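Shared between the two complexes below is chain A, which pairs with chain B and chain C, respectively.
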Partner chain A sequence: MSAAPQKAKAGAEKIEVIVSAVVPVNDLVTRFEFRRPDGAPFPPFSAGAHTVVEMNDAGRTRLNPYSLMSDPADSGTYAISVRRDDQGRGGSLFLHRNVKPGDRMTLSYPVNLFPIDLRGRKHVFLAGGIGITPFLAMIAQLEKLGARWELHYACRNEALASYADVLTARHPGKVRIYYDDRKQAIPLGDLLDGQPLGTHVYVCGPKGMIEWVHRTATEHGWPDDNVHSEEFLAPQPGQPFEVRLCKSDMTITVGENESLLEAMERCGVDAPFLCRGGACGQCETDVVEHDGEFIHRDHWLEDDQQASGTKIMPCVSRFVGPTLVLDR
Partner chain B sequence: MTIQFNDETFRGDYSFRNSPWAIRRFPFPFHEDSYMYSVNMEQHRGGPAGSVYEKRFDVDEHYVSEMRDRAIVLAEDPLRCQSLPHMTLAGWDLLELIMVSKSEDYPDLFELHRDGERWRWVNRPMGIDDTFTFMDETTLPYGPMEYITRQTQGDFAVLDQRDDNLWMDAGMVTTQADWSLDFDIGMNFFEWHAPVPLAHEMGIFKRALKFLMNVQQGAPARRLNWTMTVNPLLDTSPENYHKWGIQKTELTPENIGAKQHLRVELQTFYRLPRSNALVFPIRCYLIAFQDLVTVPKWGRRLHRVIRDLPDELATYKGFIANRPLMLDYLSRYDDGLPTSPGVWPDLDTEPPLQK
Partner chain C sequence: MSKFQFPKSIASRPVYGTLAPRPGKAHLMMADAEGAEALLDLAAQDAGLMGKAHILYIPRDTGQTYTDRLRALEPAQLYVGPSFDAALPRLRRVLSDAHMGLQVYLAGTEGLMGRAAAEVTAAGIPLGAVQTEHRGSVARRMQCVHCKGITEDVTTDPFTCSHCGLNLFVRDHYSRRLAAFQGVCIDAEDPGNVPEPVELYK
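Then we have the complex of A and B:
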């Protein structure tokens, strides 16, 4: 239209930060706290938001999304809690092994793909393992607003129950912990049946838990819009494959341990993204031509779109076959 | 720059006027000699010095009089400002966004002093100096959204984002191009756009919704929209159609240059941080045809756009009946010369009218 057309940049706006604390929570989980170098306040955020952490791992850029777990009202600090994944692609290992207080890092502005429905008369949080992190921020926000909530939190055992002690001490009567090693399980059916009208349920945890909650809620007559979930997918390794990018006029190879999005970025292609976890839709790319099989792993495309072979989400999805041409 | 605020009216004797400064910075919406819908979004990150795009919330010579007009509308019809109960947090977000932006962008006009949650807000043009507690509604004379939008030009639609849609759950709407907040409150994006012709078939709204839901914190966006208004009326609402609709029949070849106004909306889009809602400020700029044609490029181009506009659009925008009269007038300012690309007046480089 008008004034000074500017091309949208890939990803969200960025914030330079200094690591202010690295706090081991238990054998697997470490909390990283950040402040701004100039002491300025952080942008406020809404509970449920994540930030994308940029890591320079020996020359290789890693971009991993983590839920902001700090109190949204505390503009002096952003905090994330990271579970070490020894079998993963290395982002969490890098954070655990290399990041020290005083280090300078870059975060993205908060992006919220898992917001609280503020119309809710009551909010029920269902956490599995490290899926507790967004709920820490949600609880802080709802406490300030004086809203009704309760948390049901499933953990492997007491030693790995991140923040369970703090939560139960601070909010007696609102928090229940379930330990796998004691054969305890969230009584989901009863829990859903007992809620007042206007309750919203939020689940964050392993894929199986999320599916279980959605399926059970449907079976118990819950409207889909009252059940909220967030699952970040990490890109999975796979066979290397070749891709022709027709707008950029180049052919690139996606390596075994990188995503298609990362391969494009490595080759200097400015591809859009936000969540890097198959949820936000920002990196959706048109397929011009293909001969082979797609491995769609995103939550964004509809089943028929995935089956049609005309779209791919480069942040998490891959391809097996001789020919793939993308409109990028 | 110090702004001289006009003392003017947008009703009754219609004493509204644009100064030469306001004419030159008018947001002319046509970048070429024809117009069709598009998802014409760009980032809202400033613009040329002095232009309406430069600041986050543009303040101009009409500010004080526009706020006076808003107060009149609200006194007659309080339902122009509504906020569903879950939108109060978004109201605080909006209050913070505007106070921070205006005090940074216009330090000679607005001041914000923050001591924890204790805030002092000084609005010099309106003679306001209030101290209140952020997030405590009892310390303000109105709800946070109403308080700040009584002091900010433009309408405000505050949209909740949930269930893969946007919902019109709060707003301040007194300077609108014939739509009603009271009618649209609680509707989703597709519902409130249902009356717009052609655009649905073009897939415009699906793409626009996708774009808007991805507007992120710290990265606001903007676009322009436009229509036509007879007399410099800010409040062209359905609620008051019986008062202003009839005025469209009062155009004559003699008065059209003064009475007929191009109405342009600078629409901006901001993600609100605490609530994750989206605010959609819709700022209305009016310019009389006789002022607009003092810029030769704009006179040439407006004639061509109005002449070639599809009938559906001229009908939807409410000026199909007056189009022949407009074209008679505007054709006098179109000499057939080519126009330079883009929206700017280009007064130094475009030739004067050759007839």
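Then we have the complex of A and C:
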């Protein structure tokens, strides 16, 4: 058994917070700042960590992970920046439309699935769009350590380049911005080749960008251990399907617009989770029996595990077929 | 035949693989004695590799057996030196000038691979990205855990520490930092009661 204390409920421990500021950054992105009601310091976090924000959206509980972008040295504030996704499942829209300064909310303790490798001699950050958020915390942490870093930040255009002005003003020699509408692109191959031994590269952005960086780094002879990425997946809607949960002894139906994990929670099953975005591996569940096709969408299971039909990550993956029995 | 299959052991003991060409911007190869055979096999797999290769080679007791064959591979740079310590300043200089995309290939004795791997990882390449292939002698580089002295090329168990003279038992417990196995006094409780030394792996 692990020495870690046994938790009563799934997910990380929770923190009650008050929204201290809601700051529009541009047309799509808003920053939300939180403090604790009793003025107590927040638990410390390492740069790259995320928190799961709990939202009560007219009786429906939404749990969305967001990277903490605030300075890890500032224990009085947690801050996240949220990009409004008009086609998304509604979490970001809820935050943008309904959350006001003074509101009480619940966050999870920070969990870090995207830490800085502090053995690195140098750290190269590659951000795409709202993928800038974890790097804001990383830059703050590395500046205090006096460590070497540089940021290459690709944005759609100047108006949507969140924090680009602040970053370039503060760190003029270390930040390069690339604008899509000016046909600028990160010169990835050249960047990778010129780095001193012991450099680590970190990428956060759209799926295509993350795959591009991993593939190019491998082609240029970079060890996998020196390439870090984080992408939270939002669960995708799909055909409703039925699941038999044998430990809980119940059969539930996963609706079109909810994830398997959310359906289990709705039915009172205390299923484990941390990131809710297919990255952390916490919700990995054994498949007892199945007749149908899995739609695996996670970054956790290996390809052969996904193909084997013996595991599923309920936070993002779905199933199409008449029979699915899980060991939960 | 220069290959030896080490018996399965504790997790601390290093395991070695077979060198294979990997994509990279530059290729650093270091070998001693029969380790040259692993580099010759490697070159045979990818003719393009040697044009970007820097070979550091320590022939030890193989003399001229392999040096001409290595030269015939036409590596970008070939250094042939008398000992690992003689080659060390060059190795460190190569690593300090290197960029990401460097591939590292080590072959030969455990002592050479361990010492080179320690230098390479200290320079920032993760151990998992360093390729190794054992060839030749199974002699070990041992650290006396009592006096901390290193005895190179130990071939028997137990053996006598070349620094403090204690009778040492050869353990599989390995230090990556020191690139040495640990030797522990075998007759501490009953001085003089030392088993007859046997050749390693016999």
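Operating definition for what follows: the second predicted complex is superposed on the first by the 320 of 328 C-alpha atoms of A that agree within 3 Å, B and C clash if a C-alpha of one lies under 4 Å from a C-alpha of the other, contacts with A are read in each partner's own complex, and residues count from 1 in each chain.
Simple rule for what comes next: a contact is a pair of C-beta atoms (placed from the backbone, for glycine too) under 8 Å apart; a residue touches a chain by one contact, two chains touch by 3 or more.
Small disclaimer: the values here were computed from a predicted structure and weren't measured.
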Mind working out whether A:D225 is in touch with chain B, chain C, both or neither, as first, second, both or neither?
-> both
Is chain A touched at more residues by chain B or by chain C?
-> B
Between chain B (first) and chain C (second), which does A:G198 come into contact with in this model arrangement: first, second, both, or neither?
-> second
Considering only touches as defined above, state whether A:G131 meets chain B (first), chain C (second), both or neither.
-> neither
Can A:P235 be said to touch chain B (first), chain C (second), both, or neither?
-> neither
Determine, under the contact definition given at the top, whether A:P44 touches first (chain B), second (chain C), both, or neither.
-> first
Please work out whether A:L118 is in contact with chain B alone, chain C alone, both, or neither, and reply first, second, both or neither.
-> first
What part of chain A is shared between its chain B contacts and its chain C contacts?
-> 119, 225
State the interface residues of chain A toward chain B in the complex, per the touch definition above.
-> 1-6, 8, 12-13, 43-46, 48-49, 72, 109-112, 115, 117-119, 141, 144-145, 225, 274, 280-282
Spell out the residues on chain C that touch chain A in their complex, using ranges where they run on.
-> 22-25, 95, 98-103, 123-126, 128-129
Chain A-touching residues of chain B, taken from the complex the two chains share = 27, 29, 31, 40, 42-43, 45-48, 51, 53, 85-87, 89, 93, 96, 135, 160-163, 210, 214, 216-219, 222-224, 273-276, 343
Provide the residue numbers of chain A that touch chain C in the complex, in ascending order.
-> 119-121, 192-199, 218-226
